[in-house]
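In what comes next, subunit A is part of two complexes: it sits with subunit B in the first one and with subunit C in the second one.
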Partner chain A sequence: MTPEEQNAFEEKIYAYSGAQVCARTPAADAVNPAMIRHWTEVMGDNNPAYTNEEWSASSARGKTIAPAAMLYVWNQEGYTVTTGRASDPQTDMVELFNEYGFTGVLGTNVTQEYFREVSPGDTVHVEMVIDNLSERKSTARGPGYFFETLATFTDQNNEKIGTQRFRVLKFIPQEQPAAAAEEKLAVPSRIASPRGHDNGWWWDACDNGQVLIQRCKNCQTLRHPPRPMCGECQSMEWDSIESSLDGEVLSYTELHHPKIPGYQYPLICAVIKLREGTNIVSNVVGCEPSDVYIGMRLKGKVEQVDEKNTLPQFYPA
Partner chain B sequence: MSEYQTLSCADVSVGDKLPPLDIDISSGLIVGGALATRDFEPVHHDKSVAQASGLPDVFMNILTSQGLMSRFVTDWSGPDASIKSLDLKLGAPNVPGMVMTITGEVTEKDDSTGEVNVAVLGENNIWGMHMQGTVKLALPQEG
Partner chain C sequence: MVANIKDKAVIVGVGNTKFSKDSGVSELSLAVQAIKTALDDAGLQPSDVDGMATFTMDSNDEIEVARALGCGGLNFWGRSHYGGGAATGTLHQATMAIATGMAEVVVCFRALNGRSGHRFSSGVSGEITTADAIHWGWYMPYGLLTPASWVAMFTQRWMHNTGVTKDALFEVAHSTREYAVNNPNAFFHGRSFDRAEYDAARMIADPLALFDCCQESDGASAIILTTPERARDLRQPGVTVCGVAQASAPDQEQMTSFYRDEFAAIPEMEIAAKNVYQMSGLTPDDIDAAVIYDAFSPIVLWQLEAWNFCGFGESGDFVLDGALRADGRLPTNTHGGQLSEAYIHGVNGLVEATRLVRGQSLNQPSKNVDHALVTSGVGIPTGGAILGKLD
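Here is the complex of A and B:
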């Protein structure tokens, strides 16, 4: 899109700002126990305020109510949507976005406010406007525009029940074949360490349940993590010993955010001083994060932590 | 005394954590949730349409996410609590085979009105954050 084309496009879409999507319209069905029960059944919601008439009669409300989160349900168009929506300013605007390549659609935020509870017998009315259109944004999904609709809900007496503000991103989708998406459904595992010439042997031993510490053949100095040359005497001759996995916390941190897929939280990463004298970075598990302290004695175990990875994990000794 | 208890404002403190809730995401829940909220958009019941939109399978509609968030909070508060607002940011889709864990924490409380804010997070085990937001509840002033 050239700057001129973008200006022409934006002029067209911004014309929809403030447009009324629908005038105040009553729901086809009044609030009713059947639709409420179908909803509570799927949500697994046993709140007696929704479905237990006996309890509700003796409650402060004196009657059952509809779940507040059903506010938007009453005025839904229904089955006809399977073959497309009737033309209104919102569908026309969406169509305009699609014509210009902004075919992706993503609901990003929805905010509902409730001014009073509704009960069977009430009839929910809705009116909706396009309230807000953003400037062009670069998003992780691709370039696009946000628009907001504002729905106002009233009852049969034109008394306000609530509002809903819904924010939608229309964007130019980046290529994402279905097959790639399917692959992503595998349960994630931890990030595996690359195994190279100088450290592969250490990880192979770990797979077999052993934590090894590299030792200089010339001066007997221990070193970790694995590397080709002794830092003391520069010898490249080495062998290894097996660690006792007795250790103590030298330092630690709790990882909160962002959560990395494949890791169990709470997640403590610690620098652990092993009895043999070298340090290792590992996890402290088997206790609350608040129980961990510097100097805490630990005992390590080599464990399979997920489908792909075997790692030492340290427990309170 | 009723078998259903409702927390009063005095029972609740900022920092209180709600009992976590695990939801198994099945095709049944996604399609059932879409229909119980009268949402007949094909991406919520037709796998081929969902795949054409770049996802591996049908995915949960927003009204079901809102419903689960509402249930999570009132399961904790009890039935005399009244929901005042539900503010929800949407993240990764929920598709069949995932498990969504919902957690929550009281972040604000106003003793004069009995209103409390609960920060709610729903994370699925594959893609992470599905929904994150705040539910405002009015609790009875005393039990």
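Here is the complex of A and C:
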């Protein structure tokens, strides 16, 4: 759509803003105990104020009431809707959206406000207008427009019972590119560490099943993560020892959100003090998240966790 | 030892853009909008600006900002590293430049499309072999990828060590939200929450749940500093920098200093606090209100201890006494904080701390605010400052 075409389209669409979908119309049936009973059964709502006449008679109201959330039920069109619906400004507007390719439809949210209670014998009337047509939005479903219908409900005395705003997105459905569909088939793996001069040797050893701890050749101080110089004596000469992988939890967290592709959840990360004295971050596996505690003893194993990664993983000792 | 640059630079203008989840504009556009708002607040022109300070993480080149704004030439630009640790780092750079005469009018800014552009929650990753990427490599393969997860690791151990409970985390998040309710530019304007909603919110990284975390945000904030002499001729009451410091501590990593003898601590903030108190000649008793960096609720507690408002492990009781509320000992994050106003990397906090000293906060405490504390992010090299009234 060129900017000019979009302007022309929006001019037509925005003309519907405030249009009356239906004038004030009474429900076919008055509020009645049978429909209340059906609705509360389905909802599993056992409040005696809705269905127990004896209880309600002795309540402050003196009678049963309809659940407030049934507001929209009373004026529903019913079976006749299957045999075709008369056109109204809303159906006309939807048809206009469809003509311009905005064929997707998504009910996004409903907001109800309640002002009065109704009881069996009351008659609910509804009138409805189109409201809050949005500007063009880019959504995950595709480009589109939001609009609301505002229904106002009144009783037989024209007293306001409540309102309902129903928000809808009309959008141009986006086709999934074929390449993206193929990519989904590939199994994602964990994000591997880059390997450089200062850390590559550690990961190479890990690939071979060993967890090493860097050691200063001059003063014998152990250090992890590896660094090119000893912070104690400034020597650049170093070798390494192999860790026993006996460890203890210093802290931990269970990662809930966001869930990153390639990682298995539940997922627990921990800072682990190794018997040799250095700390390492790794995963705690082989137990429930609720079983992990600070001070817990662990035993590590080097395992291939996916196609690309071999890592130490720690189990309850 | 730190050189004393007390009262050498004065904040004369502040500005925020609208904060949103989808700005629909470039980060450059956000930057110049915030700076122009701050210049208007001060009664200065873009051509008055001769220095700039921002974050290494900011995508806006100083020269692009200068060109878009219509500044003339620049005499100074300096950037601070380490994410939100740079919030008061920009102030530190600007104050040093003005104190030494390297520049006369310096803008501190931060502009980000932190929700519609690059999101912090998308985590760290990378194929480039820098020292920084190698650092993250010790955590990425295990799934420890997001700011919430790093802070959670500190929090779990700190709660274990101190016995502080979620009650205190709730109080931080809730008192902050109550301020945002009154702030039309806050994400959570008019939207309070109660303990049941807090407890029912989804877990992010145990023990941090949704309301313990700030929001990814689009927006920009800016402040303008100049000399005390020039500040006296400008439109707004001057807010002087009584003390400012940056600090890192031994064995510092970026968000993952897990290798210290006791890692559930923020010694870098203790160093910054000591130096700021020393420079300003002030004590915690002199601080009337605060903007304490709150990317996550527990980090406010640690900073209260680091700045000596209470002793180690006592911050839970301190906040549960209502200290952070409008009528409390230390009204804190009166704009709604980053938890509930917006996450502009702490620079919206510089704006609010300035407003508190001017007496212009939307939630201005009824008591006199002579001095306000403002801090940078923690878990990283960090900093802080005390702002006061210009004589």
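Convention: the second predicted complex is superposed on the first by the 176 of 317 C-alpha atoms of A that agree within 3 Å, B and C clash if a C-alpha of one lies under 4 Å from a C-alpha of the other, contacts with A are read in each partner's own complex, and residues count from 1 in each chain.
Methods note: a residue touches a chain if its C-beta (ideal position, glycine included) is under 8 Å from a C-beta of that chain, and two chains touch if they have at least 3 such contacts.
Nothing here was measured: the structure is a model prediction, and the numbers come from that model.
*Asks:* In the superposed arrangement, which partner chain does A:G78 touch: subunit B (first), subunit C (second), both, or neither?
*Replies:* The answer is first: A:G78 touches subunit B but not subunit C.
*Asks:* In the superposed arrangement, which partner chain does A:N109 touch: subunit B (first), subunit C (second), both, or neither?
*Replies:* Only subunit B is touched by A:N109; subunit C is not.
*Asks:* Just checking: does A:W39 make contact with subunit B only, subunit C only, both, or neither of them? Give me first, second, both or neither.
*Replies:* A:W39 contacts subunit B only, not subunit C.
*Asks:* Subunit A residues in contact: does subunit B have more, or subunit C?
*Replies:* B
*Asks:* For A:N132, decide between first (touching subunit B), second (touching subunit C), both and neither.
*Replies:* neither
*Asks:* Does subunit B (first) or subunit C (second) touch A:V187, or do both, or does neither?
*Replies:* first
*Asks:* Please indicate which partner A:P225 is in contact with in the superposed arrangement: first for subunit B, second for subunit C, both, or neither.
*Replies:* A:P225 contacts subunit C only, not subunit B.
*Asks:* Between subunit B (first) and subunit C (second), which does A:R195 come into contact with in this model arrangement: first, second, both, or neither?
*Replies:* second
*Asks:* Does subunit B (first) or subunit C (second) touch A:P48, or do both, or does neither?
*Replies:* first
*Asks:* With both complexes superposed on chain A, which partner does A:P261 reach: first (subunit B), second (subunit C), both or neither?
*Replies:* first
*Asks:* Quick check on the output: what are the common subunit A residues between the subunit B footprint and the subunit C footprint?
*Replies:* none
*Asks:* Help me check something: in the complex, which residues belonging to subunit A touch subunit C?
*Replies:* Of all residues in subunit A, those touching subunit C are 190-196, 198-199, 203, 224-225, 250-258, 260, 263, 267, 269, 271, 278-279, 281-283, 289, 294, 305, 309, 311.
*Asks:* Which part of subunit A faces subunit B closely enough to touch in the complex?
*Replies:* Checking each residue of subunit A against subunit B gives 35, 38-39, 41-49, 55, 58-60, 67-70, 72-73, 76-82, 106-114, 117, 173, 176-178, 181-182, 184-188, 259, 261.
*Asks:* If you look only at subunit C, which of its residues touch subunit A in the complex?
*Replies:* 121-123, 125-129, 131, 133-146, 149, 152-154, 156-157, 160, 202-207, 256, 258-259, 263-264
*Asks:* If we count contacts the way the header does, which residues on subunit B are in touch with subunit A in the complex?
*Replies:* 2, 4, 23, 29, 32-33, 35-42, 51-52, 54-56, 62-64, 66-71, 74-75, 79-80, 82-90, 95, 97, 123, 125-128, 140
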